[in-house]
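When the chains are written out, they are named A, B, C and D in that same order, and each has its own residue count from 1.
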């Protein structure tokens, strides 16, 4: 008989919260039972509290749920969190201490020593941080985070290169979509016929998180990868789909054909000279696949490619759900008795 | 008494041709007397032949000129050329052989050994190529070119760094405007809610031209600069204004404050964290100034900044006119008797 | 046992042709066996001839079909046509004369006296024109057309009003999507940060076709509806989804609540003050439903509303397929023996 | 010797406030001496308090002014007001009572019986309301308003038609620019690849204000024009430039050629089938001219045309300044002694 895990969503009315609901609608193992938000929606039914902005309708199962305050106890076995940065830190810690598994898309705890920054295809072994936590006598609760929306695709694309050739330096220049800023987010007057070459804290996050994800778990801690990461970030007038132009120096220089072969699922490699493109490729693999293209030699760092992924699916809600699926498969999640 | 140079424009009906007319309207020394185009507009009055697409009206002086075929002789003392690449090469050569100074915005002759690829503020000494040509007994005609629209801003921004610190490697990632592709150019279905990570031949042009411009004239030839240049180019949904995220390795590492001070006019340096932006900064200095911002250390190449310029003014028609002004000031242009 | 009709697509490489393939992929009764196009793609495999521009991949079944010339005979039981206007007229007539049912999305034959201009939910009785044709001894072939992409939604929205209240005058102002112009269609420089208040022949088509669709079949002919139709058309910077602001004078003035109730499936009525919107509502009913909103009294014509539909699905390929399904259900289509 | 009027701007940090500053920079008779705003900018220098968002730099004269609270007394002879609607009403009344002429772009007092809703080219005689006010013994202060940004262009375009042919009914469908909503205004996620068919209160404003402006001053009051006005309003993805598709029923039907002749300066009439367009025509007459095109017969109301104007210049700050110039010319403004 199939186990069903009861899920709470913290930050349920926001852009990523809506994606959580959309992606969990019909999920075979996770069932949303509780919605919580920090804004003035508390105490109202979700259909009244939430201005649904995704194409398609709000899932029926969510419509009549009454929005709770984001504080334990909540009627669920785990919480997904997409709370705003300013409150995510303490609230998520509070849930973990109260015994809840917290699968977070927020930035607050990503760099915590005891918290896995997890991409299932890249560093599932970092879940060892949780084992250590248990040995240390911590309770049932814990926090697992997924990376920043741009870091996911960078780390995913680098992982097979790191494994096969070794990575010595990475320079990524991003062109990021509007939905990455949440709602209302970027003012239309700021971005129509325009590019904004600045996203607060984004460059630091990419540089830092990439090295943690590709780092090694030794002695119960993650030692960050030793190579330098440089990120330059831009906001462009695209609804969904982050794109990054990447240059990489490898320890063992590769032939272009070798790089062509290195990526594996969930990475789609395209050979057309003008791909990937946000509108055409963001929904690859239902938004969970990266698309890589334009693999070529680079005059400065040796190798280059362009990578794209759906920033609110693979880069946010979908990443967290994938983490939860890994946790379930590895036995870290259990329904309440 | 002021000399007036009579100007012919080759490719007068295109995007850059229209900019030539707009920028030369009211110019104190250049007067447009002849318009030529390779398309079906030959023999028609300009006002009938040209679908004017710039804001504001077509200059009065051009309205009644009859469009000529782009072949000598034309009634003018020099020609500006913005002919399409496929015909620019032989047509420009024909005009030069017929004794006309040709100031070209086209790519065809930029890398010719005997042709200066000129930015007046950067490499005016490359005009020495013309002197040699004269010594060799060539006639009065010659070709002078300006760089590709993205190369102008890269070379202009690098020049003071090369002079003061030495440049060892450059990696530029561009976000380029629609007008750079001419008209009709990019289909709206290809770019709305989208980015295209490919512009044909653009990356090669930037890598090659930058090194020629920053090269040294010795023994009557230009030796290209020795550093590596890497360009990754993208088309974004912006009308005018190319932007590039640049990383650079300097021979003598500089403090950020030193870089802040290095640029000079025509470079505007902005300190706001979110500038330069195409819509806000492309018209700086009437479209002839670069705007540089986000100067910072870079984890991989040492230094980084973002640079922006108006691609059809500083990056095309305005660049050619500036070249013509330099030629006039240096005595390379003379009105016909 | 289920009948399968073998389908040919004329104009298969274009925007609407691609939609035909996408929508017919997996269809229970229609199976695409033949692709034809008038351009230089003849003789090449579809995967090589067609630059697929829809999100998602080209249907597998089409990839290896060799593109034919658009002339009979073709190996199929009916043809869908989305040929360019300049050639659709004679080619479609040729196929009909050769015995093929032609389900056309092109404008050429829409106003022909003997050709039904068909919306299954509105005027299925107009198929009577085909019966008359048969009585007149014409062969098995015929032409059935669907309306212009804006007319579909206008006629669909008016039909229940005409039936219940009588329509005396209609004024529709459209905001039309880029995909309506095909590919490459609208140049990005023409529409970025802009609106174009002109679409060639569109206003006339809407005014004329609406009256034919809502006209009465009497004596083997369609008498156009007697009311005046006014259309003002604009191109806006939207990928898919035509929107029209409609004012209507009814013979029997209705209460707003009555209008609220009048529309039926395939019409979705929304009560939010800011709907319908192209990006949020174009995919309603998988692109086959209209969305109507903002129903209100109007100071000049009495009533008003806003209507939206997906222009390349409900407004083009999907409309033609729906017509074909009606023809099949009514016995007008038969597989070849 | 030229009189100089010292000007205060209420709402100086907003979108329209910035336009006031830009348009008054270098004005021969008005000199900005005081800036006020209702937000947290009070007490700070303008250059620190205001995020300047117009292309080009903040006028030098404004940079060091310290932002005041929007309450009398202020050091100026008149105030321009672009305060937010929620506070404009009482604050403007307070300034008028304190003896200041208030030239307002806000909606609060537009429909007040004693307040002229003024377009200098249309209803300068409505200034008679001020005379009556003086006869009634009111002090030196008063309020004069300009219309809503869409109403300006509609009333200006209708005025010559009303005078020459009589207007019986008007139906206007607007496509309005983003800057009309102020800053941050419309979220980019709401408008990219989209249209929003709703602007709060806009339709009512247009319907009401148009009739007041074109009404007659009799017996010290303005009797609104008797014809019906219908407005349907949409937000589109355009930075600046409102466009309206207008249908009008005239008392004496006119030939299209007559309508072609009716408009006068400040109206530019264009005959190209695809004009006016926001990006190409919004800056006509430095943003102070309307552009009218597509004049044609209309099947329902008899006549139609399309009109466009710059919404933050002719439709807001420029309209108010024009009003002030009229007041100055007519002797309603005097510098303080």
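Quick note on the criterion: a residue touches a chain if its C-beta (ideal position, glycine included) is under 8 Å from a C-beta of that chain, and two chains touch if they have at least 3 such contacts.
Bear in mind the structure is a predicted one, so any value in this text is a computation, not a measurement.
Trainee: Touching both chain A and chain D: give me those chains, sorted by label.
Mentor: Under the touch definition, chain A and chain D have B, C as mutual neighbours.
Trainee: Determine, using the mean of C-alpha atoms as each chain's centre, which chain is farthest from chain D.
Mentor: If we average the C-alpha coordinates per chain, A ends up farthest from chain D.
Trainee: Give the chain pair, either B-D or B-C, that is connected by more C-beta contacts.
Mentor: Here the pair linked by more C-beta pairs in contact is B-C.
Trainee: For chain A and chain B, what's the span in angstrom between their mean Cα positions?
Mentor: 42
Trainee: Report, in whole Å, the distance between the mean C-alpha point of chain B and the mean C-alpha point of chain C.
Mentor: 47
Trainee: From the mean C-alpha coordinate of chain B to that of chain D, what's the distance rounded to whole Å?
Mentor: Using C-alpha averages as centres, the distance is 41 Å.
Trainee: Which residue numbers or ranges of chain C touch two or more of the other chains?
Mentor: Residues 53, 192-193, 237-239, 279-280.
Trainee: Could you list, by residue number, the parts of chain B that touch chain D in their complex?
Mentor: It is residues 53, 55-56, 192-193, 239, 279-280, 283 of chain B that touch chain D.
Trainee: Going by the contact rule at the top, pick out the chain B residues touching chain A in the complex.
Mentor: Going by the criterion above, the answer is residues 169-171, 173, 175, 192-198, 200, 207, 228-230, 232, 234, 236-239, 243, 245, 247, 273-280, 293-294, 298-301, 304, 306.
Trainee: Given the complex with chain D, which residues does chain A contribute to the contact?
Mentor: Counting only chain A, the residues touching chain D are 15, 53, 178-179, 183-193, 237-239.
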